[in-house]
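Should a chain be cited, it is by its letter among A, B, C and D, assigned in written order, with residues numbered from 1 in that chain.
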Amino acid sequence: MQLAERNRLRVRFRPGGLAPILVIFVVLLVLLGTRQPDFLSPPSLMSFLGRSAPLILLAAGQYFVIVAGEFDLSVGSLVTAQVVVAARLIDSDPSRTWPVILLLLAFGAAVGLVNGLITTRLRVSSFITTLGMYLILVGAVYLWSDGAPKGGLSEEFRRFGRRAFEDVFLVGRIPYALLILLAVAALAVLLTRSDFGRTLVAAGGNPRTAELSGVRVRHAKTLAFVLSGLAAAVAAILIGGYSGVSFQAGAGLEFGAITAVVLGGVALGGGRGSVVGAMLGALTLETLFTLMNFYGVSGALRSTVQGAIILLAVAVSAMRSVPAKGIQ
Amino acid sequence: MSDALPSPLLALKGIGKSFLGVRVLDGVDLDVVPGEVHAVVGENGAGKSTLMKIVSGGYAPDAGTIEFAGAPRRFSGPRDAQRAGIGIVHQEFNLLPERTVAENVYLGHEPVRRGLVDRRAMRERTAELLASIQESSLPPGSRVGRLGVARQQIVEIVKALALDARLLIMDEPTAALADNEVERLYVLVRRLQQRGIGVLYVSHRLKEVFDLADRITVLKDGRLVTTVPAADTDPDRLVRHMVGRDLSSYYPDRAAPDDPGPVRLTVHNGGNRKLRDIDLRVRAGEVLGIGGLQGSGRSALARALFGAAPFTTGEVTLDGAPVRLRSPRAAMRAGIAYVTEDRKGEGIVAGASVLDNALLAGRAVLPTWRGRAARTARVRELLAAVDVRAATEDQEIRFLSGGNQQKVVLARWLALGPGILLFDEPTRGIDVGAKSAIHDLVRRLARDGAAVLMISSDLPELLGMSDRIIVLRDGRIAGELPAGATEEDVLTLALGTVPAAA
Amino acid sequence: MSTALTLPARRAAPGVFIALALTLAVGWLVVTIDGGQLFSQPTTVSLLHVAAGLGLVAVGQTVVIIGGSLDLSVAYVVSLSTLVAAEAMAGSNAGLLPGVGLALGVSAAIGFLNGMLVTKARINAFIATVGVGLLLKGYLDNGYDGPAGRTAPVLVQSLGYQRIGPVPVSFLLLLAVAAAIWVVLTRTRFGHHLIAVGGDPQVARLSGVRNDRVLIAAHVLCSLCAGLAGIYLASRLGSGAPRVGTEGLYDLESIAAVVLGGTALAGGSGGVAGTVGGVLLLASIDAILNQLEVDAFVKQVIRGVIIIAAVAVYARRALRKAGS
Amino acid sequence: MRRSTAAVAIGAVLALAGCATDEPTAVASGTASQAAGSGTGAQSKFFVQADYDKELALLGATPTGTAGKPWEQVLEPNMVQTAKFKKPGPHKICFSNAGLNNPWRQVGFKTMQAEVETHGRQIKQFVHVDAEGKDQKQIADINDLLGKGCDALIVSPNTTATLTPAVEAACAKGLPVIVFDRGVDSTCPVTFINPIGGYGFGHVAADFISKRMKPGGKVLALRILPGVDVLETRWSAAKVAFDKAGVDVIGVEFTDGDPAKTKKIVNDYIQRYGTIDGVWMDAGAVAVAAVEAFVDAGRPVPPINGEDQLDFLKMWKDKNLTAIAPTYPTYQWRTPIIAALRVLNGEPVSSPWKLPQPTITQDNLAEYLDADMPPLHYAVCGCTDLPGYPQRWK
C-alpha cells in the first residue's frame, strides 16, 4: 500500500509547483527574444522589470490573501485612490513627499485591516467584502476629488517609479522600482517561510484544523489583507511615479493580480501555492503584454489573445494537478 | 453454509486493479448471496475500498468479471451500478444538510410527473420506505442538517433502499455511531437481511463483524486471504489473517498502582452549554478513559479543556495552580494537546505536506525564526519516532493512510511537549496495525509522565487502555470505574439503566 | 466550497424583501419631504426598466451560483447578444425570430464553453469566465467601433417600450423568466441536481448525478438569461451596443444582486425570488438617490456599504441559527 | 407554481388597468451596419464623407456672434423659429447627463452649473440626472424626467444611436429638447449644439504631425478605447490625413486612458522601431504619459498632439515640444443653457448650433497656460467670467 501511494505521487505534477509557469515564462521570453533580440539586452530588461514591479507587488500581496482562502478585489481601486490622494496631498510640494508616503502605507494597511475585519469578524465572504470596498473606494475618491484628480506629484515622489541608477556596471541601469521590488519580494519570501507564512497556508487549507492547532486564523487572515493593502500602497507609489496621476491608475489591476497569482499555480480557495509562483505569474503576464506590443497584435484583439493564453495555461496546470477547488 | 447456497446475488471472479502500474487488487474472488451479510476485513490499504468502488461502479476493474443477479456486468459509473440495484452507504455521509430527507433520498432519481419533480410522491414514498424499516418517526420533510448522526445514517440507508437496492455496501457504517445507535443499526441490518437484501459489510470493528456477518472475507495487500463462515473462526484468528499477530498483543500494560504521579489537572464544578457539574482529577502518568454515548458530552469535555468551547463556570487547576483555558492557544501554552475526533475536518491540513502538518502547532504557538532549524530537526525525529511511513516528508498528507495521518497529528502535539493529552477517538478508521502502534504510543506517553484523557466509543479499547474510566451522560459525570471494569459496567452508566442487549 | 468557515450556508430570502419595503418606505418619505414624487408613473417605469435588464442577468447568475460556480463573462455576453440580435434583424420585423434565435444560440454556445472550461478543463470558474470574457472583449473591440445593426421595430415597440399601466413588458418578461427558473430549480430534476452539486459535489456524484452535465447546463442557462437581457437591451436601445454590458457593470452588479437576495456564494442554497428582491432593492436605491439628485459617487459608496452590510446580516443570522 | 400564477394574475390586472407605450412613433434611423475593422486598413463605418468635408470647411469659417464669447458664437448659422415653445419664466430646466466620469465632463458640468447661476431669476430649478455612462440608465432617466414637469430638456447622450429613440420620445411630449456634445440620429430636437467636431479634431492633429516629417515617417496612433463615436470620427479623419500624406502608421493602440499602459506601449514601440516620427492621439488624457515615455527613454519627443488639458500645455512649454492641441472645448456646456432660455423666450436659435473649435498652437500657447489651475483642468473652458471662478474649478 505504501508503494502504491508513493508511485502515484511520483507521476503527479506537484500541485502548486513552479514548473508550468516557468515553462510558459521561458517560452514567452524566447518568443520575445527572437522577435526583438535587443529586448534581452540588460538595460532594456532592467527597465522592463522596473515597470513590471507594480503588478508583481500586487500579485505578491494578493498571494497572501488567496493562499489564506480569500479574495481581494479592492486592490485596483485602492491603487487609484492612493495615487489620487497622494497627488492632492503632495500638491507638487517636494517637502510633503515622505509624510505622504508614510500616510499611503498607513492608508493601505488600514483598508486591508477593514477588509480583514469585515471578512473575519462579520463573516462576510471576502469576495463581497472587497467588492463592496472596491465600490466604496472608487466612489469615495471621485467624491473627494470632485471627479477629477487635483494637485500633482512631486518629482521626489515620482522618482521611485520613474528613475533609475544609471550607468551601472554590466546591467546599464537599475530602476529604483526594481530595487524596491527586490526588497519587497525578499521580504515576501521570508514571510512565507516564516511561521506566520506557513500557518497562513494552513489556515487557508483547513481553517478548523489550523484553529485547533493554535493558529489565530482570523488574525492571520486579517494580516493577509493588511499585507495586500500594503502591497497596493507600494504599487501605487510606483505606478504614480511611473505614469503620474490618473483615475485609471489602478483600473483592472485586481483582475490582473488574481490572474497572475492563479497563473503562478496558487489555488483559488487557498492552501497551496508559492509567492514566487505568484510573482512569476505577474511577470509572465507583463511579458505577454510586451510580447503583443512587439508582435504588433492589433490593439483590439489583445484581450482575446490574453484570454486564450490565460485559459490555456490554467487549463494545462489544472489538468496536471488536483481537481479544481470551487470559488468559495 | 457457503457451500449450500445457490445462485449468488453478486459474484466477483479474479478481480484485478492497478493504479499507474501498481497492483492494488489481484485476483480477488468474492460472492454474496441474497439475505447474507458478508463482511470484508483487512488493514487499511488491503484493497477493501478499491474493491467496494469496483462493485459500486466507481472504478472499472482491469481484470476479472462481475456478475450481478446472474448476468455479467460492467458498470460505467455509480449511477449505472445504482440502477442495477447496488446501493452504498458511505463511511462519511453523503447527504446534503441543507436539503430535506426526501430530497436527499431521491437525489439522482427524483420521481417525475409531467416533466416536473413530483414532490408529494417523493415525500410519500420516503415515508413508506421509512415505515418499511420501522423508522416512521422520521419526518421526510425535515432538513437533514437538523438530524442527529444516527438518523442521518438511516437516511443514507433509506437512500439506498429507494433505488430498490438488492445489494447494499456498508463502508464502516458505525464509524460515527455511539454504542446504542450501533444496536439500532444491527436491527436495521437484520431487517434488510430478512428482505433478501445482500449486504457487503466493511468494518475495522471485529465485534460488529462477528455480531452481524454470515461470512467473512479477509483481504491483505490486494489479495484474498480467505473467506470463512463467521461461525468457523474467531477474532484472534481473523487478526492473524489480517496482520499475522495475536489479538492479545493489542493493549499495552496498564500503569502500576503507584506509577501515577501527582495530580496534574483538576476540574471543579465545570460547566458550559453542553456540560454541567464536571469534577475530575487526572494524575501524571495515568490514562483516564472517558466513556459515554455520542452526544453525552465526551467531546464537549475535551473541547472545554482545550479551550475550543471553554467552561463558562467552575475552576480548572493545572499542577495545583488555577488556569483559565479561554482558547486553544491558552490551553496549548498550558501544555494541553488535543487529538480531535474528526481527523479529516479538524486534524489535518489535507493539501499540506507531512512536515508542515507536523510543524503546525509549534509554528502557531511558539513562532520563532532563529530556532526554526532546531525545531524542524526535532519534529523530524518525532516523525521517525512515531514511525510515520510516507514517501518523503514533503508528501501531501492526504495521500497517507489514516493511521499514518494520525501519527503525524501526534507528532505535531508531541513537538510541544505537552503535559496533558486529550485523545478523542484516536483510532477511529485506523487499521489494526496502526491502531496498536497508537495504543503503544499513548501508554508510553503516560509512562513518561503525561496525563492522558482518552475518549473512545470502542469499548474494548476504552477498557483495555484506561487506568480509570469516567462515564458521561447528558453532560454530567455519571460515574467512575476502576481498571478492569467490564463493558456492561460502562454501558450501565452510559445509558443510566441496565443495558438492553449487548 | 471546502473553506466553508467564512461562509455558513444560509437561506434568508425574505430578508431582502423586508429591506426592500423599508428602503421604499424611507425613500418615499425622504423624497416626499424633498418635494419630489417617488412612485410617479415615469419614475416607476424607469425603475422597473432598470430592474428588468439587471434582473434577467442576475436570475441567470443565481443559477450558476447555486451550482457553486459563477459567471463573470455575462457583461460581454449581454453586449454580444445585443449586436447579434440587432444585426440579424437589420431593422426588419421579418428578422425578429432569426435574430432572437441567433442571439440566444450564440449565448448558449458561450455558456457551453464556460461550462466545459469549468467542468472538463477544471479551471476555477472565476478565472475561466474572466478568460472567456476577455475573448469576447477582444472580439467586440475588434469587430465593432460603435452601435451596429437595428432592432426589429416590432420588438422595440413591444419589449422595449410597451407597458401595462406602470409595468413595462420587459419587467413582466423578467418575472416570467424568474418564475420559470424558480420552477426549474424547485420542480425539476435538473434543479434538484444543481442544488446538490452546489451543496456538495461529491455527494451529488455518488448519488448518480452527472455533475459536469448539470454544471454545463447551468452555465448555458446563465448565458441564455444574459442573452435574453441583451435582446431586451437591443429592443430598448434600438440597435446593438458593443459596450452596453460592461458599462452597465452587469457582471459584478448581478453577483451583488444574487448575494443581496440571500443566495450563498458558496452554492447549494438560495433562490431566484431573493434575487429578484435584490435587483429591486438595488434599482430602488438607485431611483431614490436619483430623485434626490445624489451624486453618482455617493451612490456607489452607498451601494458598497449596503452590499457588505446585507451579507453581514445574513452571516449573523446563519450564525445564530447554527448556534441554537 | 403558485407564485407564477400570481405573476400572471398581476399581469392581467395591469392589462385591465390600461395598456400604454412610451415608444416614439418614429423609430431611429440607424446607420447602415457593416463590419468594419478599426485597424489601419478599412475606414470606420462612422466615416461620412459629407460630414467630413463640411467640418473641414468649417475650420476656416468665421463665426457670427459676440467676439470673445465663443460659446455664444455660431458657425454658419441656420436659424429656426421657436415661438411655439415660448413660455413665461421662471423655468425649470432638466438635464440628462451621460456621465461625469472623466475630467472633461467634470469641468464642463461645473461650467454649466455656473452658467445656470448667472441666470438666477430666469431659472427656478435646474434638475440634473447622471446616467453614469450607461445607455440603459440614460433612457430610463429621460423617461423619468418627462414626468417632472420640465420646461426644457437638455440631453448629452451617452451614445448617439442608442439614445435616439428616447430623445424622440421626449420630443413627442412637446417640450423643447436641446442636445449637445454627442448628437442623436434625429431632427426632432430644437437644436444640436457642438463644436466643429471629431473630424476637425482628428484632421488638425494629423495634418500638423504629418507635415512635420518626411513622407514615409513613422506615426504611432494612441487611442483611448474603441466604439466611442466622438473618438471614432477623430481617428477616421486622421486616417484620411495620414493616407494622403503618405506616412507610415506603425501602430494603432488602445490605452484605456491609462497612463501606465500608455508609457509601456510607447516604450515598446520606441524599442521596436528605433525612432518614431510622430504621435497622434484621439484624446489628450494620456498625452503627458506619452511624452514622458520619450523623455524617460532619452529620446527627443517627436511632433505630438494633445488636448487643452493644462498638464499637457505645461509640459509643452517646459519641454519646448513640437506640438499642437486641437480642442473639444468645454465651453460648449454653457451654450445649452443659453439656448434653452432663448427657446423658452421664443427667440430663434441656430440648428445645428456649431461652435467654434479653437486650436492651441505654439503661437497662442501662452494665452491658455494658467499655472494656478489644476493640471487636469481644460484651458478652453470659457469659464473665467463665470461666478465662482477659479475656486469652483479647482
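We adopt the following convention: a contact is a pair of C-beta atoms (placed from the backbone, for glycine too) under 8 Å apart; a residue touches a chain by one contact, two chains touch by 3 or more.
Note that the coordinates shown come from a computational prediction; the quantities given were computed from them, not determined experimentally.
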item: Length of the shortest touching-chain route, chain A through to chain D; value: 1
item: Chain pair with the higher count of C-beta pairs in contact (C-D, B-C); value: C-D
item: Chain whose mean Cα position lies farthest from chain D; value: B
item: Interchain centroid distance [CA atoms averaged], chain B/chain D, Å; value: 72
item: Separation of chain B from chain C, taking each centre as the mean of its C-alpha atoms, in whole Å; value: 45
item: Distance from chain D to chain C - Cα centre to Cα centre, in angstrom; value: 32
item: Length of the line joining the C-alpha centres of chain A and chain C, rounded to whole Å; value: 30
item: Chain D, residues touching no fewer than two other chains; value: 38, 100, 226, 254
item: Numbers and ranges of chain B residues touching at least 2 other chains; value: none
item: In chain C, residues with contacts to at least two other chains; value: 141-142, 183, 187, 295-296, 299
item: Pairs of chains, among all present, that meet the touch criterion; value: A-B, A-C, A-D, B-C, C-D
item: Partner chain B, residues of chain C touching it in the complex; value: 9, 11, 183, 186-189, 191-193, 195-196, 199-200, 202-210, 268-269
item: Sites on chain D touched by chain C in the complex; value: 1, 3-4, 7, 10-11, 14-15, 17-24, 27-28, 30, 33, 35-38, 44-46, 99-100, 127-130, 132-137, 139-141, 143-148, 158-165, 169, 225-229, 232, 254
item: Residues of chain D defined as touching chain A within the complex; value: 38-39, 100-103, 105-107, 223, 226, 251-254, 256-265, 267-269, 271-272, 285-286, 288-289, 292, 296, 311, 374-377, 394
item: Parts of chain A lying in touch with chain C, wherever the complex brings them together; value: 69-70, 118-120, 122-129, 131-136, 138-140, 142-143, 147, 204, 207-208, 217, 255, 258-259, 262, 267-271, 298-308, 310-311, 314-315, 318-319, 323-328
item: Chain B partner contacts - residues on chain A that touch it in the complex; value: 1-11, 15, 194-196, 198-199, 201-202, 205-206, 208-216, 267, 271-272, 322
